[in-house]
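Chains: A, B, C and D, in written order; residue numbering restarts at 1 for each.
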Amino acid sequence: MTSLDFSTTLGNSWFPSPVFTASGCASSGRELAQFFALHDIGGVVTKSVMNKARTGRQTPRMAETPSGMLNSIGLQGPGIDAFIAVDIPYLIEQRARIIVSIAGETIEEYSTLARKLRGVAGISAVEVNISCPNVENRGLVFACDSDASKRVIDGVRRTIGGELPIIAKLSPDVTDLISIARGVVDAGADALALINTVLGMVINLETMRPHLGGKTGGLSGPAIRPIAVRAVYQVHEALPAVPILGMGGISSGRDALEFIAAGASAVSIGTASFGNPTALLTIQRELRELLVAKGFVSLRDAVGCAHRDQDAH
Amino acid sequence: MTSLDFSTTLGNSWFPSPVFTASGCASSGRELAQFFALHDIGGVVTKSVMNKARTGRQTPRMAETPSGMLNSIGLQGPGIDAFIAVDIPYLIEQRARIIVSIAGETIEEYSTLARKLRGVAGISAVEVNISCPNVENRGLVFACDSDASKRVIDGVRRTIGGELPIIAKLSPDVTDLISIARGVVDAGADALALINTVLGMVINLETMRPHLGGKTGGLSGPAIRPIAVRAVYQVHEALPAVPILGMGGISSGRDALEFIAAGASAVSIGTASFGNPTALLTIQRELRELLVAKGFVSLRDAVGCAHRDQDAH
Amino acid sequence: MGKINTNAAQINATLISNKRIGQYQQLIINIGDLANDCKPGNFVAISVGGESSRMVLRRAFAISRTSMSATFGGTMELIVAPHGQGSRWLCEQGEGALLDVVVPLGTAFGIPTEPVEALLVGGGYGSAPLFGLAEVLKARGCRVDMLLGASTGSKIYAPMEGKRAVNSLRIYTEDGSMGQMGRVTDAIPNLIADLDVAVIYSCGPMPMLAAINAITSKSDVVHQAAVEEAMACGIGICMTCVVPVADSTGAISMLRSCIDGPVMDGALVQWDKVGRVL
Amino acid sequence: MGKINTNAAQINATLISNKRIGQYQQLIINIGDLANDCKPGNFVAISVGGESSRMVLRRAFAISRTSMSATFGGTMELIVAPHGQGSRWLCEQGEGALLDVVVPLGTAFGIPTEPVEALLVGGGYGSAPLFGLAEVLKARGCRVDMLLGASTGSKIYAPMEGKRAVNSLRIYTEDGSMGQMGRVTDAIPNLIADLDVAVIYSCGPMPMLAAINAITSKSDVVHQAAVEEAMACGIGICMTCVVPVADSTGAISMLRSCIDGPVMDGALVQWDKVGRVL
C-alpha cells in the first residue's frame, strides 16, 4: 500500500493525491471541514467567484433527476475581495491545497479576477470556469465559442503571469470539444477541467411549468458520467500532453479510476458530496486501493492507460 | 375518460395516440407484437434502415450506466429492399401506423432510400436519422453540421415529394441545436425528432480499455431525460409551429407529460421497452389518465403548455 | 441562529420502530449519544433508496423529539409524510434497517431566558418538532399554546404525550374533518391579544409562515420560523436552499436554510421575495 | 433454433425459496402454468433493484429446472451467481418477494428423436440448465454423461437429485479443489471416442464453448451450445446480444442470441469472429 506514488501534478503544481472537490460543490471548504481535514484530500477547488458579490438565482434551485440532479445557483458568492480576505486565509490555515475557480461575465472581468489573485500567496492553481450555463447572459456561454474561450484564457494568462497553473474548465454542450480544448491550450491553459454540467430541464407537473426558478439548470451526478468519461477520453487522445482534471458523476473509487484510465491526471468530486459528506475520503481510499490491487506503482502510470495496449482487449 | 381527444398529428399524418416506439428500440415491431397489439399504440418507428444490409459493430454493444445505458449497434439491419419486402407488409397486416426511419452514410444514400420508399403504400411518415453517432464515419455525424443536415433533408424532400411527412431526428451533441433545427425545417422537414442518444463511454476496469466494441456509444434512458426535455423546450420555444416527436428516457406517463408540456406533439419510448416489454401500453394509459386528471380535453391543449401562463409559477 | 452545526456527524443508525400515525409514519431511530446534541428545530439528512438507488440526494426531516432510554440509548423520532419516492422508501423500511444519517443539522429554536407566553403554530408534519419544543419551553416556565392546521384531519399530527406539554391545543382543518374548519392564521390575531403572546414559533409550509409573519410584523411578537426550501446537500455546500434574509443594516442576502436555518427570525426573512430574484 | 419464443409472458412472480449453494444462490420462483412452456435452454429476464433502481435493464438467467407441485403449482429454479449489483440484489431478495419476470425466452436445446449418446458440458453456473436437459434426454432413452468445470470447487453446481439423471459425472477445477485439476475440454476428445458421443450440449463461458467447438468441428459430433452475450432487452428489440452465425449458404450474419439463441448450432457460430467486426 505505502509504495504507491499517489501524487499528481497539474501544470507546475504538485498534489499529494489526485482527488479534489469540484467547484460549487464544497463552497469554500469550511462546511466540509467538520467532516474531514481539508489537508487530507488532494485539493479544494472553491466555488467560482466573480468580481462583485452576487445573490444568484431564485429558488427552486435544484431538482433531483434519475441518478443526477439539476442546479441553477447563478453563481451566488461574496465577490473576489471578500473571498480573498476571508476564505483564502481560512484554507491556508487548514493547510489545504487551494485551486481558486473564477467566473466572469466579460473578458475583462476574468482579467480583473486574475489581477486580484496574482499577488495572493498560497494558491496552487486557478480554474477558469468559462462554461457555467447559469450566468444571466444566456446564449453567451464562453466555453461554447472557441474564440471567446481563447480570449478569456489569453487575458488571464497575460495578467496572472507565468507562474500559477491555469486550468480551463470546459462545457460538454458543444459540437467540437477538441477544438475548444486546443484553443484554450494554445491561449495558455496548462490544464483542462472536464466536464462542467450538461444543460437540462425538469417540468414541474403540479405547476406545469419549468421546475427551476432559472428554467434550465446544469445536470450533474452519475447520470452524466459516461458523457464525462467520453469527453476526457477524446480530449486526452487529441492532446495527450495536457493534464486533465476529470469530473462528472464520480461517486466511487471505481468511477474515479475510469476517469484516470481515460486520461485524467486528477478528479473532482461534486454531487457525490451532497449525498455523502465524506465521499471524498472514501473515493480517495478506494482509488488508492484499486491502483495497488491492479499493480500500479504510481498514479501517473495509470493516467490514460485505456488508450494503450491496443491488443489487450 | 372517453371525452379526451388523445390524437395527434405530425405534418399531415394523424395518429390516434401520441405514444410511439423509438427507432432502434422496437426492431420492426414483430418482437413487441407478442406482448401487445401494434395497432394499440400511436405508431411504430422502425429501426433506422440503410440502403444495403449491414452487420453492425462488434460486441459488447451495450453497457448499463446509472439510470441509463450505452449502445453501439452500428445500424445493423437488412437493407431497405428486404425491409420493404418483409417488414412493411407485416406492419400493415398488424394495422400499425408506420414511421420508417432511414439512415445513410452519404447524402445520396438518403435520397436513394427516399426514392425506394416513395411508392410504398401504408407509411405514415419518414423519420430521417441524421444523428446516429454510431456510423463508421466518425467525425461525420450529419446532425452536427447545419449545412450537411439541410442537404440531407433537402434531398429527401425533393425525392419523396410533398406528401409524406418528414421527421428530422437531431442529435443533442451540438452547440446550437436551434440553428440545426431551423435549418432542417427550412430544408423541408415537417417535424423534428428530439433527441437521439448522447455520446458516451464506459471504461471496463477488468481490461482497463473502453468497454464497448465500438469504444463510444449512445447514452439513452432516464439519465438523459433532463437533457431531452430541455432540447424539446428550447426548440419549441424557437419554432412553436413545428411539431416535435420527443424522446429520451421516458418511462412513465409523468415523464411523457413533461415532454408534451415542453412542446412535444408525440413521444417515442426507447430504452424503457428493454426494461419492460409493455412499457408503451403503461405509459400510454398513464399519460391519458394524467391529462384527464389535469382537466385537459385534448392532448393538443397540453402541447407546449409549460411555455404559457408565464405568471402561473 | 448560528453558523454550521458543529455537532453534525454521519452515522449508520438503526431504525427501531416504524409506525403509521394518520397519514404519517413515525420513525424511531437509534442515534446514540448524538441525541444529546439535538435541539428542537434541528433536522437530519438521510440517504434513501439503498445501494443501487437512482436517488443521489439525502432527504431532510425535522427531529420531532429525542429521548434517552436504558434499552436503546439515545433515539430520535421523525414524523415522515410519504410524499415522493424517497420519503416513501423511508416509510417502507422495516425495523432493524440501517440508515445513513447526518445529524443534527441546522439551527434550533431560540429559547427565551424568561418565562413568557409562547404560541406554537404547526402546519401538517410541521407540528412534529413543536412538541419537543413545547417540553423545553414548559420546563423554562413558559405558558405554551398550540395551533395545528392541515388540509384534513389525518394530516394533523398531535400525539397524546405531546399534548401534555401544552396549555391549550386548537386544531384547524380546511375540510373541517377535525377541529374547526379554517386556517390556523384565522385564530392568531385574537390569541396574541388574549394570551399576551411574546413569541410565535412556527413550522409548516412557506405560505403559512409568510401569513403568520404578516400578522406578527404588525405587532411586537417575535416570530421564529422554521423555513423549508428544497435542499440538495443539507450541510451548506451547494447553495440550493437559500432564502432571502435581511441583516441588521437592511441589506438582503440569500442565506442557506440548512446552515442559517431552518429556524430563522421571521422578521428578517423577506417573505415576499422567496422564490424570486433579488 | 427458431424465431421468437411465442410462449413468453410478463408476470409478477413470487419468490418461494432462496438458498445458498456453494457460491451460488438457488431461487425457486412460482410462475404458474408458464412452467409447462419452459424447455431446457430457455431463459428468463428479471427486473432488478426495485422501484427507484438506477438499473434500467433486466437480467438474464437460464432456467435450471421447472416442476409442478400440488402446493405451489408451477415453479422454476434459477441458479444465480452474485456477480454485479443486479444479480446481488436478486440474491438478497427474501422469500415472498414479488419479481417482475419475462418467461420463457429464447431457443431450447434440440432433443434427438433417437436414443443417442449425449455429452453435457457445463462451466460454472452453466451447469444449471443441463440437469433439466439430462432428465429429458434420459426419458428419451439417451445415455447421458456430464462434465462440469469451474475455477474452483465452490463454483461447481451439481445437485444431488440432478446427478441421478446422468450416467456419469466428472468434475474439473482449475485449482484442483474439487474433482480433477484441469479443464473440461481436456477430457472431451477421449470421451467422444470412448462413449461414441453423437451430440454435445454445452453451456458456459464463451471461450469454453469455442474450445469445445474446436474439438467437435473435427468430428461428426453435433454441438448444441448455449451462448452468452450481454443482453439489454432479452426479447429481440435492441440488437445488442448478437453472435456471428453462418447460414446454410455460408453467409455470416449477426444473430440475436436472445431470439435465435441462446441455444445455437455450434458448428454455425463463428467462434473466431465473436466480439469482432464482420
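Following the convention adopted for this analysis, contacts are C-beta pairs under 8 Å (C-beta built on N, C-alpha and C of every residue); 3 or more make two chains touch, one makes a residue touch a chain.
All values derive from a computational prediction rather than experimental measurement.
Listed here as common contacts of subunit A and subunit C: B, D. Chain centres here are Cα means. That of subunit B falls 35 Å from that of subunit D. For this pair, subunit A with subunit D, the centres built from the Cα atoms lie 47 Å apart. Centre-to-centre spacing of subunit A and subunit B amounts to 34 Å, using the average Cα coordinate of each chain.
Taking each chain's centre as the mean of its C-alpha atoms, subunit C lies 56 Å from subunit D. Contacts with at least two other chains are made by residues 54-55 of subunit D.
Multi-chain contact residues, meaning those touching two or more other chains, occur in subunit A at positions 63, 66-68, 221-222. Viewed as a contact network, the protein chains are fully connected, with every chain touching every other.
Residues of subunit C that touch subunit A in their complex: 4, 6, 8, 10, 47, 54-58, 100, 102, 229-244, 252-254, 259, 274-278.
For subunit A in complex with subunit C, the touching residues are 24-27, 30-32, 34-35, 47, 55-64, 66-69, 71, 73, 76, 213, 221-222, 251, 271-278.
Only residues 63, 65-68, 70, 144, 173-176, 198-203, 205, 207-210, 215-217, 219, 221-227, 229-230, 233, 249, 254, 257-258, 261-262, 290, 294, 305-306, 309, 312-313 of subunit A touch subunit B when the two sit together in their complex.
Against subunit A, in their complex, subunit D makes its touches with residues 54. Contact residues on subunit B toward subunit C in their complex (touch as defined above): 66-67, 222.
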